[in-house]
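Each of the next two complexes has chain A plus one other chain: chain B in the first, chain C in the second.
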Partner chain A sequence: MRHGRWRFLLGALVPALVLHVVFVLSPYAQAFYLSLTDWTGVAGEAHYVGAGNYARLGGDSLFLDAVRNNAVMLVVVPFVTIAIGLGLASLLRKGRGAGGYQIVYFFPQLLSLVVIGVLWGFVYNPNTGLLNSGLRAVGLGSLAQSWLAEPVFALAAVMAVLVWSSVGFYVVLFRAAIDGIPPELYEAALLDGAGAWTTFRRITVPLVRETVQVAFVYLGIAALDGFAVVQVMTVGPGGPDGATEVIGLSLYRNAFTYGKFGYASAMGVALFFATLTLAVLALRAGRRERLELA
Partner chain B sequence: MNLEPQLRPYPTRRTVLKTAATAALAVPLLSACVTSGTKDSGGGTEQGEKTTDNPLGVKTDAPLEVVVFKGGYGDDYAIKAETQYTQHYPKAKVDHKGLQKVGEAMQPRFVAGNPPDVVDNTGAGRLDIATLVSAGQAGDLTDLLDAPAFDVPGKKVRETLLPGVVDDGTFGGSTVALNFTYTVWGVWFSKPFFEAKGWTYPKTWAEMLALCETIKKAGVAPWTYQGKYPEYINDPLLSMAAKVGGKDLIKAVDNLEPGAWKQDGLVQAATAFAELAGKNYLMSGSEALSHTEAQAAWCQKKAAFIPCGSWLESEQKGVAPAGFDMVMGAVPALTASDKQPVAAVQAASSESFLVPSKAKNQAGGKEYLRMLFSKASATEFAKANSTLPAVAGATDGLTLSSGLGSVRDAVVAAGDNTFTYRFRTWYAPLAKAVDDATGELVNKRISPADWSTRIQKAADALAKDATVTKYTR
Partner chain C sequence: MTVLREKPVLTAAPAEVGVRKNRINPLPQVAMLCWAVVTALPLLWAVVSSVKSDDEILNSPWSLPASPHFDNWARAWTSANIGRYFLNSLIVVGGALLLTMFLGALVAYALARYDFRGNRLIYYTFVAAMFFPVFLALVPLFFVVQRLGLLGTYPGLILVYAAYAVPFTVFFLHAFFRTLPSEIAEAAFLDGCSHGAVFFRVMLPLARPGLTAVGIFNFLGLWNQYLLPLVLNPDPDRYVLAQGLAALSVSQGYRSDWGGLFAGLTIAMLPVLVAYVAFQRHIRAGMTAGAVK
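Here is the complex of A and B:
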C-alpha cells in the first residue's frame, strides 16, 4: 500500500521535474556557462574566455543605451500603469455598467504583443497615422510629430504602448482586490463625510497595497524586457540611433545577427540578475508593508 | 499568535544564496549540452569516381539533402534543379526542404555536425555568413567553380557567372558561397510619370538638385526613403562615394584602414545627402516609414525618387498601379573628376548557397549547384521572378518588364565598373554603426564631419577587436 503510494507520487512528480530541469534549469545553466565562452552559435565548440564578455559590456555604448532606456522604462511604466489601473478600478467600483468597461479595458490583453506593435506602428505613422491625423483634425496640427523617428519622443511612444497594453489586466486585478475590501469600511467613511478622493487615498490604496506590490514586480519584469514592441515598431529597430534600444534587443542582435552567442549570453545573465534583484527587493518590501498593516 | 515566520523577510539572504549555489553546482553538469557536437566528423564521406560526365565525382546512389529558403522567390526553381539531379542520378534520393526560417532550423544541425548537403542561407533569419565561415562550417567550392559549366560548352562554372559573384562568396581567399541572384542598387522613378512632367533623370548631382527644386515646385516630394531601415539611403550615399573615390576608396573601407571613413569621397557624398535633407527634398515623415509604407507612397506619386535594390519591382507587384513602369537609374556623379564613370553601379549577388564542410554528400551538393547555376535553370528563374540571376546571359532573348530591363541595361552599361562594399557581410556591427549614423545625418541631427568621425570610431574599435575574424580584399 505504502509502496504503491510512493510510486504514484513519483509518477506524478518526476515527469514535471524532468521537464522543468530540461527546459528551464538547463537552459539557464547553459547560458551561465556560455557567457564565459566565445561560442558563435554555429560551431560545435566554444572556447573559455573567462569574464571577458562581462568586461566588454561596460564599453559597449549601445548596451549602455539599452540599460539607460530599460532603467527609464522601469521607473515610468510600472508607476503610470499602476496609477491608471488603480484609478480606473476604483472608478469602476461604483460606476454603472462596470462589467462592460472591464471587458473593454481587458481587450489589449488578448492581442499578442507583435500585433499591438504593428497596430501602434500604424497609429504613429507621421503622414497617415491616427494620432497625427487626429491632431490635425482638431486643429493641433502643429503638435504632430514623427513620433517614432524623433529621439525625444521615440521611447515615450514605446512606453505608451507598453502601458496601453498592460493597463487592462491591472484594472481587472485591482478591481478584484477592491471587491475584497469590506463594504462596511466604505459605508463608515461615507458616514464620516469622506469624499471620493479621501476614500480612495485612505481606504482603497492602503488595503490593496499587497496587490500593487505584486503588480510592481510583474510590471518591472515587463519593463526590463520590452523586446517585442521595440523590435516590431521602432526605427532601426532600437533607433533612432539607440534611442529605443533595450537589453533584449541588444542580446538578440548579438546572438542572431552577429553570431556572438557567448557575449549575448553575458547580457542575458546580467539581465537575469537585474530582474532577480528587482523581484527580491520588491518581495522583501512587500512583507514589511504587510506587517505594518497587521 | 506566532508572528515569527512573518517577521522574516522572504526571500532571505540565505535562501537566495542557497539557490545560487545550487545553480552554480549544476552548471558544469549541464554545460556540455550546447557545444557537445563533435569537432570534426569529417564531411564529404560520400565520394564517387570523377569522370568527364561526372566531373565532381558524385557517388550515384548517395542521398542528397537540399534546404532552400522559401521566400519571395518560392522554391520551384530549386525543385526543378532537383528533378534535373534525379534525372542524372536516378539512384539518388533527394530530400527537399523549403523553409522560411533557415537559420533557426539549420543552427542546431550545424552545431551537431550533421548539416544538409546544400543550404540556401537566405532570408531574415539567416545565419551570419562570416560567423559560419570563421567557425569552419562552410565548405570550399573551388572544384565546383573549375568544373565545366552544365549547359555552356567549353566554359567553366566560374566563367558563366556575372562579375563579382565569385568574389562575393569569397572569404579569406576561399570561395565558400555561391549567390544565385544578382542585385543592383540605384535610384528608381516612374518613366511615364517623368515623361508626362518633362523631367529627365539627371547625370550629375548638381542636375539632381536642380531637378529636385523643379519637382518640389510641382508639388511632389523629390525623394522618399525607407526611413525605418536607414540602410536604404546608405546605398546611394556609399555608391556616390565609390564613384568619387574609385575602387581604392572601397578597399580602404573594407580593409578597415585607419582614416578610411574620413576619405574625401565619403565626406563629400555625406555632404551631398546632408544637402538633400537640408533643402527639404526628402518627403516629410519618410524617416519613420517602413519600406512598404515609403514604397507605397512613391507608387502613389507622392515622391519622385526612391533608392532601392533591384528587387523593388517584384516587391511592388500589386502595389504599383498599371502603367507605372518603374525604372532604375545609376546614382548621379558628384564631381567632374569622379574616378568611376557615372554608369558604374553598386552590384552584389545574394541568395547564398553553401555546401557545409561537414555535409556527407559534398560532391552531390556541388553537382546540384552546378545544375542550379546552369543557364537554363537561371533563365527559368528570371522568367518566373523578374529578378536577375547571377548567371551571365540568363536573360538574353527574354522580353523583360520595365524594371528588370532597366536593371539589365544598367549592368551592361556599367561593364567592368560594378562595385560592392564587403564590410556589410564581413562586419555586421560596423554595418549597424553606418546605418545609425546615416539615419542621423539625413535627419539633420549630425553633420557630415560628425558622420565620418563616428563611423571611423566604430571601424577603429572593430579593427582593434581581436575576437573578430578580419578579411581583406
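Here is the complex of A and C:
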C-alpha cells in the first residue's frame, strides 16, 4: 500500500512539475538575470551591465509614455468599470428583465481581445465607422473625429473599449454579491423611507466592498496590460506619437523587433514590480476595511 | 419587491400620492436598456456588415444589405484562411485543454488528499505563478521553446498553453477536492482499489461540477490567447484564430475586402456565441466563481 502511494504521488506530480519548471518557473527566474545583461540573442554574448538597463529606462521617452498611459489606465479603467458595473447591478436587483440584460451585458467578456480590438477599430473608423456615421445621422457630425489618429482622443478610445468589454463581467459579479445581502436590510430601509440613492450608498456599497476590492485588483492588472487591444487597434501600434503606448507593447517591440532582449527583460521586471505593488496595496487596504467593519 | 415598493406610497401624505404614482421611475429601465444597446450594437453591426457588399459598407454603414452577400463568408473562410486558423485553434486549444485538465486534476487531488513533506511547498510553487505577469517570462520563454525545437509547432503551443493554465486549475480544484467526502474513497480502498483507480473511478466523477466550471474557464482563456501564440507561433500556416484575424486586419493587401474582414470577425465570434447561448448559466457561474476564489 505504501509503495503504491508513493508511485501514485510521483506519477501525479512529476509530469506537471516538470512542465511548470521548464516553461513557467525557469523563464521567470531567467528574466531577472537577463534584465542585468545586454543580451541581443546571440548565445554566449550576454555581458553583465548591472543596473544599466534600468537606468536607460528612465531616459527612454517612449517607455515613459507607456508608463504614463498605463498609470492613467490604472486609475480610469477600474473606476469607470466599477461605477457602471455596480450601478447596473443594483438596478438589476429589482428591475424587470434582469436575466435577459445580464445575458447581453456578459457576452463581450467571452470574446478574445483581438476580436474586440478589430471590431472597435471598425467602430472608430473615421469615414465608415459606426460611431462617426451614427453621429452624422443624428446631426452631430461636427463631433465626428478620427478617434484613433488624434493624440487627445486615442487613449480615451482605448480605455472605452476596455471598459466596454469588462463591465458585463462585473455586473454579474456584483449582482451575485448583492444577492447575498439579506433582503430584510432593503425592506427596513424602504420602510424608513430611504430613497434609491441612499439605499445604494448606505446598504449596497458598504456590503459589497470586498467584492469591489477584488474587482479593483483584477481590473488594475488588466489596465497594466492593455497589450492586445492597443496592438490590434491603434495606429503604429501605440500611436499616434506614443499616445497609446503601453509597457507590454514597448517590451514586445524591444524584444522581438529590435532584439534587445536584456533591455526588454528589464521592462518585464518593472512591470512585475508594478503588479506586485498593486496587489500588496489592495490586500493591505482590504485588511484595514475588514478591521473597520469588525 | 415591487409590492413592497408601493407601501410607503400608501402611508405618504395624500398630496404626494399623485406625484409618486407618476414616478414608476423609468430611469432604471432606461439605463439598463442603454447599456444593452451599447453592448449589442457594435456586435450586431459587425454581423450585419459581414453580409453587405463593400460598396454598402463604405457608403451606408447603418443600413441593412439590399441582398445578403454570404459569399463574404465563403471568401473569408477559404481565401483569407479563416478556416485554417479555426482548425489550428481547435487542435491547439483542444490538446492544451485536455492536458491542462488531466495534469491540473491530478496535482490538485494529490495535494488536497495526501499528506507528505513538501506538499505545501509544491502547492505554493504552482499558485505563486498566477501572480506573475506573463510579460515577465516572455523573452526567456521564447528561447526555452526555441532551444527545445518547439517554436511554431502544435506540441510547443500545447505544452506552453497547458503550463500557464495548470496553476489556476490546481488552485481551483484543490479547494474543490478538499470539500469532497472521504468515506467513499476509503470504502474503495478497502475494496482493494489502487490509488490510481480511486482517483479515476471515484474522485474524478465526484468532482465533475468543479471540472466543468474550471474547464469552461480554461477553454475561454485558451481560445482567446493572443500573446503566447504571437511570440511562439511565427509560422502563418499554424496561426491560431486570434493571430490570423489580427494579421488580416493589419495586412494591407486585405484592406480592400471589407466584407471579407467583417465576415472573418463574425466567424470568430460565432462559436463563442453559440456556446454561450447553450451554456450561459454555467459559463457565468464558472467565470465569476473563479474570480471570487
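In this text, the second predicted complex is superposed on the first by the 268 of 294 C-alpha atoms of A that agree within 3 Å, B and C clash if a C-alpha of one lies under 4 Å from a C-alpha of the other, contacts with A are read in each partner's own complex, and residues count from 1 in each chain.
Definition applied: contacts are C-beta pairs under 8 Å (C-beta built on N, C-alpha and C of every residue); 3 or more make two chains touch, one makes a residue touch a chain.
In this text, all values refer to a predicted model and were calculated from it rather than measured experimentally.
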| item | value |
| --- | --- |
| First (chain B), second (chain C), both or neither touched by A:282 | neither |
| First, second, both or neither for A:121, with chain B first and chain C second | both |
| Touching partner for A:256 - first (chain B), second (chain C), both, neither | both |
| Which of chain B and chain C A:25 touches, first, second, both or neither | both |
| Which superposed partner A:11 touches (first chain B, second chain C, both, neither) | second |
| More chain A residues in contact [chain B versus chain C] | C |
| Contacts of A:34 with chain B and chain C, given as first, second, both or neither | both |
| Partner chain in contact with A:242 - chain B first, chain C second, else both or neither | first |
| Partner chain(s) touched by A:147 [first = chain B, second = chain C, both, neither] | first |
| Set of chain A residues, in rising order, touched by both chain B and chain C | 25-26, 28, 30, 34, 41, 121, 127, 256, 276 |
| Chain C contact footprint on chain A (complex, rising order) | 4-5, 7-9, 11-13, 15-17, 19-20, 22-28, 30-31, 34, 41, 84, 87-88, 91-97, 101-115, 117-123, 127-130, 133-134, 137, 164, 167-169, 172-173, 176, 183, 186-187, 190-191, 193, 196, 211, 214, 218, 221, 224-225, 227-228, 231-232, 247-248, 251-252, 255-256, 261, 264-265, 267-269, 271-272, 275-276, 279 |
| Residues of chain C touching chain A in the complex | 1-2, 4-5, 7-8, 25, 28-29, 31-32, 35-36, 38-43, 45-46, 49, 57-59, 61-62, 103-104, 106-107, 109-111, 114, 116, 122, 125-126, 129, 131-133, 135-145, 159-160, 162-164, 166-167, 170, 194-196, 199, 220, 223-224, 226-227, 230-231, 241-243, 245-246, 249-250, 258, 261-262, 265, 268-269, 272-273, 276, 280, 283-284, 287-288, 291-292 |
| Chain B partner contacts - residues on chain A that touch it in the complex | 25-26, 28-30, 32-34, 37-46, 121, 124-127, 146-149, 151, 235-236, 239-242, 253, 256-259, 276, 280, 283-284, 287-288, 290-291, 294 |
| Interfacial residue positions of chain B with respect to chain A in the complex | 3, 6-7, 9-11, 16, 23-24, 26-31, 33-39, 103, 107, 110-113, 125, 127-128, 130-132, 134-137, 227-230, 284-285, 287-290, 293, 297, 428-429, 432, 435-437, 439-440, 443, 445, 467 |
